[in-house]
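Take a look at the structures below.
Each of the two complexes below includes chain A, the first together with chain B, the second together with chain C.
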Partner chain A sequence: MTRRAETGLIIASALLAAIGVAIVEFTRGNWLNAQVALTFLAFAMSFGAMQFAITRWATGASSLLLPIASFLTSVGFIEIYRIDSDLAALQRWSLLIAAVSGAVLLWILRDSGCAVLRRYRYVILAIGVGFLLLPLLPDAWPIHGSTVNGSRLWVRIDVPGTSRVLSFQPGELAKVLITVFLASYLAERADAMSVVDRKIGPFKFPEPRHLGPVLIAAGAAFLVLIYQRDLGASLLLFGIFIGMLYIATGRSFYVMVGTVLAVIAAFAAYSAFDHVQRRIEAWIDPFGHYSDAGYQTVQGLFAMGSGALTGSGIGLGRPDLIPAATTDFIFAAVAEEMGLAGSLAVLAGFGLLVAAGFGVALRSRDRFRKYLAGGLTIVIGLQAIIILGGVLRLLPITGLTLPFMSYGGSSLLANMVIIALLLRVSHEERL
Partner chain B sequence: MNIPLRRAAYAILGAFVVLVGSIGYIQAVEGPNLRDDPRNPRVVAWRTGRQRGPIVSADGVALANSTPSISDPKLYERQYPEGDLYAHTVGFNSVLYGSSGVERTRSADLVSDRDSTISGVLTGLLGGDTRPRGVRLTIIHALQMVAAEALGTQKGSVVAVDPTTGAILAMVTYPRFDPNHLIGPDAGSAGQILETDPADPLRNRAIDQTYAPGSVFKVITTASGLDSGLVSPSSEFDDPIALELPGTESTISNYSDKVCDDGTSVSLELAFVRSCNTVFAQLGMDLGGNQLGLTASAFGFNAEIPFEFSVLISRFPRPATIENDPAATAQSAIGQRDDRATPLLMALTAAAVANNGTVMAPYLVEEIFTSEGTIESSTETAIWRRAMSPASAAALSDMMEQVVISGTGRKAAVPGIRIAGKTGTTEVTGEAPHAWFIGFGPVGAGSDIPQIAIAVVVESGGDFGESATGGSVAAPIAQQVLAAFFGV
Partner chain C sequence: MPALFFNIIKLLFLLLLFLFLWQVARSIRSHVGSNPGARTEGIAAELVILTGETETGRVRIRPQGHVIGRSPDADIRISDPYSSEFHARVGIQDGQVVVHDLGSTNGTYVNGRRVTSPTSVTRGDTVQIGKTILEVR
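This part shows the complex of A and B:
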C-alpha cells in the first residue's frame, strides 16, 4: 500500500469521525456545528502528524498500521461523543497529545533506531515497574494514588497553586515499557531458556534459574492483583510475560507452567477476595445478579441485543444506560448503535491490526525487534480479547480499556507509542 | 524462529474468531430476546418513553396525553385522563403488556417520524414536520360518559353509531380497567390481577363477545320476510298459545306464556310490537333456513366487520344445518339456538334500518391531525353492506317506532324525539336472561334523518336478575343515551 493510499484512509477515518459527530448532533436537533469541524481537524492533524513523522524519519514503515488505528479511534470517538460530548472534547486533546508523542518518539529513534531501547533496558524496566507501583503512593502526597471503583489504578497530581488535578493511569504505559524490557532480555537469554532437558519423573524442566523470570512475572501480576485490585491489568501483564516467553523460546512448557500458575492464582484470588467471588458469580449467572454484580454485564448484553443487525442508529440508542460505556464497555455502545455490522467492523479492525503487527514481527531479521513487535502486538491483541471477552461474557468482566476506542488519555498515549514502535520496527527492516 | 510467533498469531486471531461468533450470536440470535426483555430499560425508554401524540374525543376531550417525565426530561409519560372509560378503545401503551386499542393501531402516527428510517431522516432534513400526530376519535365524550353511567356496574356493553356514516359515537363495556395502572411502576401486579379476574375486564364486550341476540333478531327475520315479498306488516298470522315445532316434542311460546293478541290471528306488526315468539318462529319456518341465512349474511352475520380492531364474527347457522330442520329454523328466527351476535353488529343492524337498508362501515378514528392542529387525513365513509331494500327498511322503521310508542320498548322513549327500537330478552340456560335493546332516532326522512343508532346488552339480567327483560333493563339505558344525544 502506498503512502498516498494511507493518507486517503486517514482522511477517510477523520471524515468518518466528523460524520459520526454530525449525525449525533442531528439526532439532538442541531445542525452542523463547530464540533464537526473540530473533530475532523483533530483526527486529520493527529494521524497526519504521525504520517509526517513517518515520511521524515521512518520512510520504510508499514502503511497498514496507521489507517487501522485511525479507523478504530474514529469509531470509538463517535460513541464517546454520543454518550458524553464533554469527554469527547477532552479525548480530542488526548488524541493530539498521544499522536504528537508517537511522532516525537519516531523522531527520537530516527538515528539510533530501536537499538537504543535495548541499551537502556534496565532504566526502562525501572520506569515501568515504578509506573506500575505509582498508584500505591499514599493519598496525602502531592503525587498520589487514587482508588476508583475499587481499583487503585489512577495517579493524581495536584497542580501547585491551583485546585486542578492531573490524573493518569501509569499502568497503561508500564505495560509497554515492560514489554520493551522483556524483548531485549529475551533476545539475549532465549537460547538458554529454550533448553528444556532436566528430567524429573516424566516431565522435562529447564534450568531452574531460567524459571526465574516466569516466577517474577507471576509474582508481579499477583501483586498488582492484590494491591491494585485490578483483575484485567494483572491478567494482561501475566499474559504478556507468558506470550513473550513462548515466542522467544518456542517452548510450550512455559505456557503450561503459566497456565497452572494462573489457575492457582485464580483459585487463590477467588477464595481470598469477595470482589473476585462476586465477579465470578456474576459471570456465570449475570441475570441472577442483575441488581448488583451482574448489572453491568446485563446492561451490556441488553445494549448489544437491542442493536441487532443494523443497530439503533448513531445517537438513537441508549448506550448511556451501560455503566462505563465510554471506557470498558465502549464495544457494547458501538454494537448497540451500529449493530452487528459495526461490531464486526471493529473486530475486523482489531484482527487486521494484530495481523499487521505480527506481520512486522515475522519479517524482522533482528531478534530484539522481532520480540518487540510480537510482544507489542500481543499487548494490543490480548488487551482487546480480555475486555471484549468480558463484555461478550466469554470471560469474567475485568476492567481494561479497549485499545484506541475507549475514552482515556493514558490508554491512547500507550497505544500510540505501541503503533510508533511497530512503525519504527517495520521501517528498520527496510534499511 | 518464526514458528512460535506464527502460533501466537494464530492463537490471538483464533480468539478473535471466537469473539466474532459470540457477538454474532448475541446480536443476531439472542438479539430479539435481549431487546424485548422487560428489564431492558430501552424497552421502557423507546416503547413508552417516546413522546406520543394526543388522542382526543370528537368533542375535543383529551383521552391520552404525553408529558415530559419528571425523572428524565428526555422521556415522556403517557396519561389517560379519563381512566377506565376508554380502556378498550384508546387502549394503552405499556412496557409489560405491549400496546392495545388505538394506541396500537395508530402507533405509527402517534410516534415521531424522526427515527432511523431513510424516509424519517429525509423528512427531517427537508424540513418536514416529524413531530407526532394526534388522533381524533369519533366518540363523543359527553355521550360516552352518559352511556357508561347508564350501564353502571352491570356487565354488558353499549354501542352507538351514526347510521349515515358508520362513525362510532359511543362504545362502552363493563367491567373495565384503568390503563394508567398498566403503565405505572405497579404494572406487573395490576396486570396479573386483571388477567386472572373471572369477570374478564380486559375483554371489550362490544366487539369481542357474542351473545344470543334473542328477539332483536326479529328485525332481521322481519326484513327477510319483507324483502322476499312473503309478508307485509299487515300480514295476519295464527295466534296460538304455543307453537308446536314439527318433528319435535317441544314448543315455542311467547314470553308471557299467553297468546299474542286474541288467540285467533295477529298482524305481523302487532306481533313485532309485542315481540311474540310464535309468529316469528312461524315466519322463520315459512321463509326457510336458506332465505333467513341469506338475510342474516346481508346484515353481516358470518362476516368480518371492517373496523379499527378485529371484531368477533357473529354467527347464524349455515343453511345446510337448518334448512331441513324446521324446529331449528324456528328457533334461529327468534335469535335463539346457535345465533350469536356482537353488540357492534346489532348496533349496525339498527343502523341499517335507519339508513334505508344500507350498512356503513363502522369507524372509530375521525382524523389524524398534525402537531399544529391541521388535519392530515380523515376517514372516508364507505358502504359495507346493503342489508335490505329501502322499502323494507321504511316498513321496519315504522314497526320499530311502534315498539317504542306502544310495545316492549316504551322505556326507550325520548320526549319530543321519534325513537324506533326493538327489545330482546335472551334465554340463557342456567343463568338470568341477557337484556337487549337496539334502536335509532329520530325516525323520519329528509332533513330529519336518523342521527344515532344504538345497541345495548346487559348480561344475565344485570341488576334485575331473573326478572330482567330487554324492555326493563336495556331500553332505559338506551333512553338515557338517546336523550343525552338529543339534548333532552
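This part shows the complex of A and C:
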C-alpha cells in the first residue's frame, strides 16, 4: 500500500468516527454540532501526526498498521461517546497525547533505531518492573497506589498546591517494556535454550538451568496476582513470556511446561483467594450469581443477544446498563448496537492487525527485531483474546482493556507505543 | 417511518465498516506472500555476509568474480570451520551473478539447495557456505 492509500484510510476512519458521533447526536434529537467536527479533527490530527513521523523518520515502515489501529480506535470511540460523552471528550485528548508520544518515539529512534533498546535492556527491565510495582506504594505518599474494584492497578499523583489528582495505570506500559527486555534477552539465549536433548523416558528436556527464566516468569506473574489481585495482567504477562519463548526456540516443550505451571497456579489461586473463586463460579453459572458476581457477565450476554445480526443501531440500545461498558465490556456495547456484523468487523480488525504484526516479525532479518515485533504482536493479540473471551464467557472474566477500543489513556498510550515500535521495526527491515 | 430511516442508517454504517476492512484486506493481499527480496528487480550487485544473525560484511561483486573460502588467499575470507579452503566462486556471466562450487567438502547451498553445477542467482537469494550465509542484493 502506498502512503497515499494509507492517508486515505486514516481519513476514512476519522470520517467513520465522525459519522458515528453524528448518528449518536441525531438519535438524541440534535443535528450536526461541534462534537462531530472535534472528533474528526482529533482522529485526523492524531493519526496524521503518526504518519508525519513515518514520512520523516521511518520512511520504509509498513503502511498497514496505522489504518487498522485507527479503525479499531474509531469504532471503540463511537461506543464510548454514545455511553458517556464526557469520557469521550477526555478520550480525544488521550488519543492526541498517545499519538504524539508515538511520533516522538519514532523521532527518538530515528538514527540509532531499535539497537538502542537492546543496549539499555536492563534499564528498560528495571523501569518495567518498577512500573509494575508502583501501585503498591502506600496510600499516604504523594505518589501512591489505589485500589479500584478490588485490584490495585492505579497510581495517583497529587499535584502539589491543588486538589487535582493525576491517575494512570503503569502496568499498561510495563508490559511493553518487559516485552522489549525479553526480546533482547532471548535474542542471545535462544540458541542454547532450543537444545532439548536430555531424555527422561519418552520426553525430551532442555538443560535444567534453561528452565530458570520460565520459573521466574511464572513467579512474577503470580506475585502480580497476589499483591495486585489482578487476574488479567498476570495471565497476560505469563502468556507473553511463554509465547515469546516459543517464537524464539520453536520448542513446544516450553509451552507444555508453561501450561502445566499455569494450571497449577490457577488451582492454587482458586483455593487460596475468594475473589478468584467468585469469578470462576460466576463464569460457570453466571445466571445463578446474577445478583452479585455474575451481574456484569449476564448484562453483557443480554446486550450481545439483543444486538442480533445488525444491532439496535448506534444510540438506540442500552449499553449503559452493562457495568464497565466503556472499558472492559466495550465489545458487548459494540455487539449490542452494531450487532454481529459490527462485532465481526472488530474481530476482523484485530485479526488483520495481528497478521500485519507477525508479517513485520517474519520479514525482519535480525533476531532481536524479529522477537520484538512478534512479542509486541502477542501483547495485542493475547490481550484481545483474554478480554474478549471474558466478555463472551469463553473464559472467566479478567479485567483487561480491549486494545485501542476501550476508554483509558494509559492503555491507549501503551498501544500507540507498540504501534510505533512495530513501525520502526518494519522500517529497519527495508534499509 | 423513523424506524425504517434508522434501520437504513444503521445498515449503511455497517456497510461503511466492511468497506473499510475490504480496502485494508485488499492492500494486505498485495503485501503478504511476496518475497521482499524478489520484489526489487535488476542486476544483483552486492554480497552481504551474515554470520549467524549479524551482518559482518558487504562486498560489491566485481566482474572477474570472487573466490570465497577459509584460506588467507581467498578473495573473501570467512572464518567458518565448516568451510573449505577454497569453497566457492561467485562471478558475473552474461550479466548474471553465478555461483560455482569449487569441490568443497560440505557443499554450497543456494536457497537451501545444494548446487552441483554453476547456478545463477538474483537479488534476495541466499548462498550458504558452512554456517555462513551470504545474501545477494
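Quick note on the criterion: the second predicted complex is superposed on the first by the 428 of 431 C-alpha atoms of A that agree within 3 Å, B and C clash if a C-alpha of one lies under 4 Å from a C-alpha of the other, contacts with A are read in each partner's own complex, and residues count from 1 in each chain.
Convention: contacts are C-beta pairs under 8 Å (C-beta built on N, C-alpha and C of every residue); 3 or more make two chains touch, one makes a residue touch a chain.
Predicted model only: the values in this text are computed from it and were never measured.
J.: Taking the superposition as given, does A:Gly339 touch the first partner, chain B, the second, chain C, both, or neither?
T.: Both partners.
J.: Of the two partner chains, chain B (first) and chain C (second), which one does A:Arg3 touch, if any: first, second, both, or neither?
T.: neither
J.: Taking the superposition as given, does A:Ala356 touch the first partner, chain B, the second, chain C, both, or neither?
T.: second
J.: For the three-chain arrangement built by superposition, which of chain B and chain C touches the greater number of chain A residues?
T.: After superposing on chain A, more of chain A is contacted by B.
J.: Between chain B (first) and chain C (second), which, if any, makes contact with A:Arg318: first, second, both or neither?
T.: So A:Arg318 only meets chain B here.
J.: Considering only the touch criterion stated at the top, classify A:Tyr290 as touching first (chain B), second (chain C), both, or neither.
T.: After superposition on chain A, A:Tyr290 lies in contact with chain B alone.
J.: Residue overlap on chain A between the chain B contact set and the chain C contact set?
T.: Residues 26, 313, 316, 339, 355, 367 of chain A touch both chain B and chain C.
J.: In the complex, go through chain A and note every residue touching chain B.
T.: Those residues of chain A that touch chain B are 26, 243, 246-250, 290, 298-299, 301-309, 312-313, 316-318, 321, 335, 339-340, 343-344, 347, 350-351, 354-355, 358, 361-362, 367, 370, 374, 377-378, 381-382, 384-385, 388-389, 392-394.
J.: Give the list of chain C residues in touch with chain A in this complex.
T.: Contact set of chain C toward chain A: 6-7, 9-11, 13-14, 16-18, 20-21, 23-25, 27-28, 30-32, 36, 50, 53-55.
J.: What does chain B use to touch chain A in their complex?
T.: 1-9, 12-13, 15-16, 18-20, 22-24, 26-28, 30-35, 37, 39-42, 45-46, 115-116, 124
J.: Considering only the defined contacts, which chain A positions touch chain C in the complex?
T.: Residues in contact with chain C: 1, 5, 9, 12-13, 16, 19-20, 23, 26-27, 62-64, 67-68, 71, 75, 187, 310-311, 313-314, 316, 338-339, 341-342, 345, 348-349, 352, 355-356, 359, 363, 365-367, 429-430.
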